[in-house]
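Heads up, there are several structures right after this.
One chain, chain A, appears in both complexes that follow, with chain B as partner in the first and chain C in the second.
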Partner chain A sequence: MPEDAIPRHTQVFAAAGTAFLRVATTAGGMGILLFRILARFFPPRIDGGEIWKNLYKMGVKSLPIVAITALFTGAIMVVQAATIVKRYSAEGLLGWGAGFGTLREIAPLLTALMISGRVGANNTAELGTMVVTEQLDALRVLAIDPIGFLIVPRFVSIVATLFMMTLFADALALFGAAHTGKALLNVDPVTFYNGFTAGLLDFGDVANGLTKSVVFGVVIGLASCHFGLATTGGAPGVGRAVNAQVVASAAGIFVLDYVTSFILG
Partner chain B sequence: MSVETGIRFQNIVKAFGPKRVLNGVSFDVHKGEVFFIIGASGVGKSVLIKHLVGLLYPDEGEIWLDGEEISKFDEVRMGPVRKKCAMVFQHSTLFDSMTCAENVALPLRKHKGLTLKESVAEAKRRLHVVHMQEFGDRYPPELGDGMRKRVAIARALTLEPEYVLFDEPTTSLDPVSARRVDKLIRELSDTLGVTSIVVSHDLSSIFTIADRIVMLYKGHVRLLGTRDDFKHTPDGVVNQFINGRAQGPMDL
Partner chain C sequence: MATTSPGQASHPADVDPVPEAHAPPGPVAALGGSAIDLFLGGKELLSVFIRTLYYSVRGKREKGAFTTQMYEIGNKSVFFLSITMGFIGMILVYQSGLQAKRVVPDYTMLGATYLELLVRDFAASIGALMLATRVGAGIAAEIGSMVVTEQVDALRMCAADPIDFLIVPRFKASVIMTTVLIVWAGTVAYLTGAATAYVAFDVAPQTFFNMALIDVGDVSVGLAKCLAYGAAIPVVSGYCGLSTFGGSEGVGWATTRAVVNTSLTIIILNFFISTAGFLIFPG
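For the complex of A and B:
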């Protein structure tokens, strides 16, 4: 009997070890990539034109989807708060209740997940395709540094896009919440807005959410570039890379959300 | 005329896993000549020329370019080597997200300090050389293989390289375009003194423009010589290959 048990335990340990090594390799790879990205800033060897191109492609084109998500998120916050607000006639607190959670948590988190799905996945697929079709080698042969030309502009654009989209989502979510409050609970939008300017909420809450958005942006930027660059094995490899990016980004976002919430208090 | 050695491969060994693709390959390429590399599919022709631009590194052996041993150069030191030694990939590998003109303009913009506008204008002029001027504003995925290859040739020539590595430049081109590319390669050598290394299966290219030819077979150099040496060799393997016969001593 013990002879049977030992191999099974060994298998479990082996599997755990393999999984741990894989996570460590990925984290290590992303750490090295971050270092190489930062090295391109001193002195700056970054393609400005590519930054604008990517900001347009990632930022401007994400506006509609972020707008819809944000409006409905705000509305959902109010719907969820409605029972309590009604029972205690706490109309004055509706703005605070919806605003607190939205600014500090929901807007940065949902925006990050949307951007990871739209921009991060796209970025991984594009880089992965460039790798498997040797376009990255073609850049190197033209004596152009792929990190400075391709990776840094994408990384910077992702972080900037997520930051701006979070700000935008904050505003739209509160707007959506205010108008849902009016429609559902007949709370005047002015009362709603007073609810979070009356001292219960301050700029710190907005800054808290925006700090998170930068952290999430770094996670998505690193993960999507890392998995794109590490692609091997043709079209199926690109599929696997995109998949890995989405999973790693989501996991990273939730873990770091917890960590930053804890640190920022 | 004295010959000057431009490129020297010395005992190059390269394996992928257990598979030894190159097993001690040595030859010299003279400055200014049109040098062909031939051999069966999978013999390692593309692998060999990728060593010259630092896309692959040899397991053993040395590579000399203009009196420098480059086989251990890192990315930074490879930069100048890559500027003087351009490469046309077997599958063209244009950047899909840029138009053909932007593809050709990219090295001009990055290395010659031209603005985007200037570089695109210059790129359109360069596309004339390969008869692709009408396609400057099209994206590579919309074009056929032969057209992409010609744009890739224009892109490789933008930095006025001293050496150009052509990986099957005439494969998938129509006969007229193919002969134009042959003529271009010959002219680069005759008028500008550019050294070309051409990987090719195209017998009519080989026997019209090659100064010297090397044939690789089973990881080794099988024969190195002029067109005449190849035509008159008693070697059955070489004979079978250059005459394209299905039967013979060659195993693939």
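For the complex of A and C:
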């Protein structure tokens, strides 16, 4: 509809309505995609070789970046806690303080953001290129189901990758935190590690973070596949699709993080 | 792959023009290759940064480009940033409330401590990570498409340096708008945090709005982060966009690299600025 056809004072409503419709279209598209992915599990019609290929490409290849992020994140958590620890001279609680935030919140969140940037964006770019160069149509012509062949293996790999990377990031972040505590506050790593086992932290905190990582994995998997499949318009279209995926994943991660935090308590 | 690197010449049998044709690189070669790639990439990134700074002072000014970029980077990110920072504010207060409940069920300092952490770190760092995804991916996708469709070559033909013409307006706009957006993001996160504290832990807003712990150190560390992130986002993602090659797949790769590298840059900068801040203002 041309802009000047709408009276000026209703333009704001038109804009709000358009934005709402766009969000609803995306959410609906992702919902339908989730349904179609789940339908391929009963009975399983999934390409096994593709799953292994994607797990290698997404999981193993992301290790360095997750390791760097986790080490620095743990260090930053201690640097931030350092001011408070010094104020109350509560060195014994440093391990607990940094561990609580890292395991429950920061490690799953930052790992998800990095995986969304590396794996999710990559996935969208790949699928978008396939759509733009009509490779998906070629698959259909060959009577190969694109969802079972391309989407489900990627979705499964992303969820599995994020879960495993979060485990890995938890350990590395705490390792980085322990050694920053030694360097900055002269808290012995042993004291730091004792802070975890002193009874204030339990398996529930780790499980909380890992549950979140699965939720984030589902969001990233759905968003990256949806925006990849919805790509239109050549090379600029692929760039736009990647951009839209990254934004949608980040927003989805934060909203669902809040919801899961409240539900898990 | 940097297979012609001097590090590989240690194996005399392999010194031929195309060593990768018959032997896959060993672990040492792979490590050396990626180290050299990292070094070359860093050198190029530094050169882009220095040229950006030079042209920001000496370059030609294109009318309207700066304002357009301020709108693109700033105004268009407000909605996204408000949503994400609003939710992160609720999450952070909820988690720290749970954490406080396990040791001392005393919430009087919750607001003050939260505000200090927000000013010192979370507003700038998480806000900048969000901007890195939205703005960084946008810059890389736009410049990458220009490279692939040879518009950047056309610029060079017209004797316009793509850094002066494309990156400098984004750089200036980003430094200003990142600071502005992060102040806004911090406000949103603080307000949603106050609402969460009231609903979940019964902390009165009068108790929550407590600025007792904010000092010069917190504000200067926070502002230093805003400026550093604002400068890093367009330079890193613009560099990723300019080094695009190979069609629509290349644009996707460039955008991916932009998001990852910008986020990593922010996390590493955060570590160094936070440590420096802690050493200068031990508080």
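Everything that follows uses one rule, which is that the second predicted complex is superposed on the first by the 259 of 265 C-alpha atoms of A that agree within 3 Å, B and C clash if a C-alpha of one lies under 4 Å from a C-alpha of the other, contacts with A are read in each partner's own complex, and residues count from 1 in each chain.
Rule of thumb we're sticking to: a residue touches a chain if its C-beta (ideal position, glycine included) is under 8 Å from a C-beta of that chain, and two chains touch if they have at least 3 such contacts.
Worth saying up front: this structure is predicted, and the values here are computed from it rather than measured.
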Partner chain(s) touched by A:134 [first = chain B, second = chain C, both, neither]: first
Partner chain(s) touched by A:142 [first = chain B, second = chain C, both, neither]: first
Chain C versus chain B, contacts on chain A by residue: C
Contacts of A:61 with chain B and chain C, given as first, second, both or neither: neither
First, second, both or neither for A:22, with chain B first and chain C second: neither
First (chain B), second (chain C), both or neither touched by A:126: both
Chain B versus chain C as contact partner of A:49, first or second or both or neither: first
Where chain A meets both chain C and chain B, residue numbers: 126, 129, 133
Chain A residues within the chain C interface of the complex: 65, 68-69, 72-73, 75-76, 79-80, 82-84, 86-87, 93, 97, 100-101, 104-105, 110, 113-114, 116-118, 121-122, 124-126, 128-129, 132-133, 184, 200, 234-243, 246-247, 249-251, 254-255, 257-258, 261-262, 265
Chain B residues touching chain A - in the complex, by the definition given at the top: 53-55, 75, 78-80, 82-83, 86-87, 89, 91, 93-97, 106-107, 110-111, 116, 155, 159
Chain B contact footprint on chain A (complex, rising order): 49, 126, 129-130, 133-135, 137-145, 149
Residues of chain C defined as touching chain A within the complex: 80, 83-84, 87-88, 90-92, 94-96, 98-99, 102-103, 113, 116-117, 120-121, 125, 129-130, 133-134, 137-138, 140-142, 144-145, 148-149, 247-256, 259-260, 263-264, 267-268, 270-271, 274-275, 278, 282-283
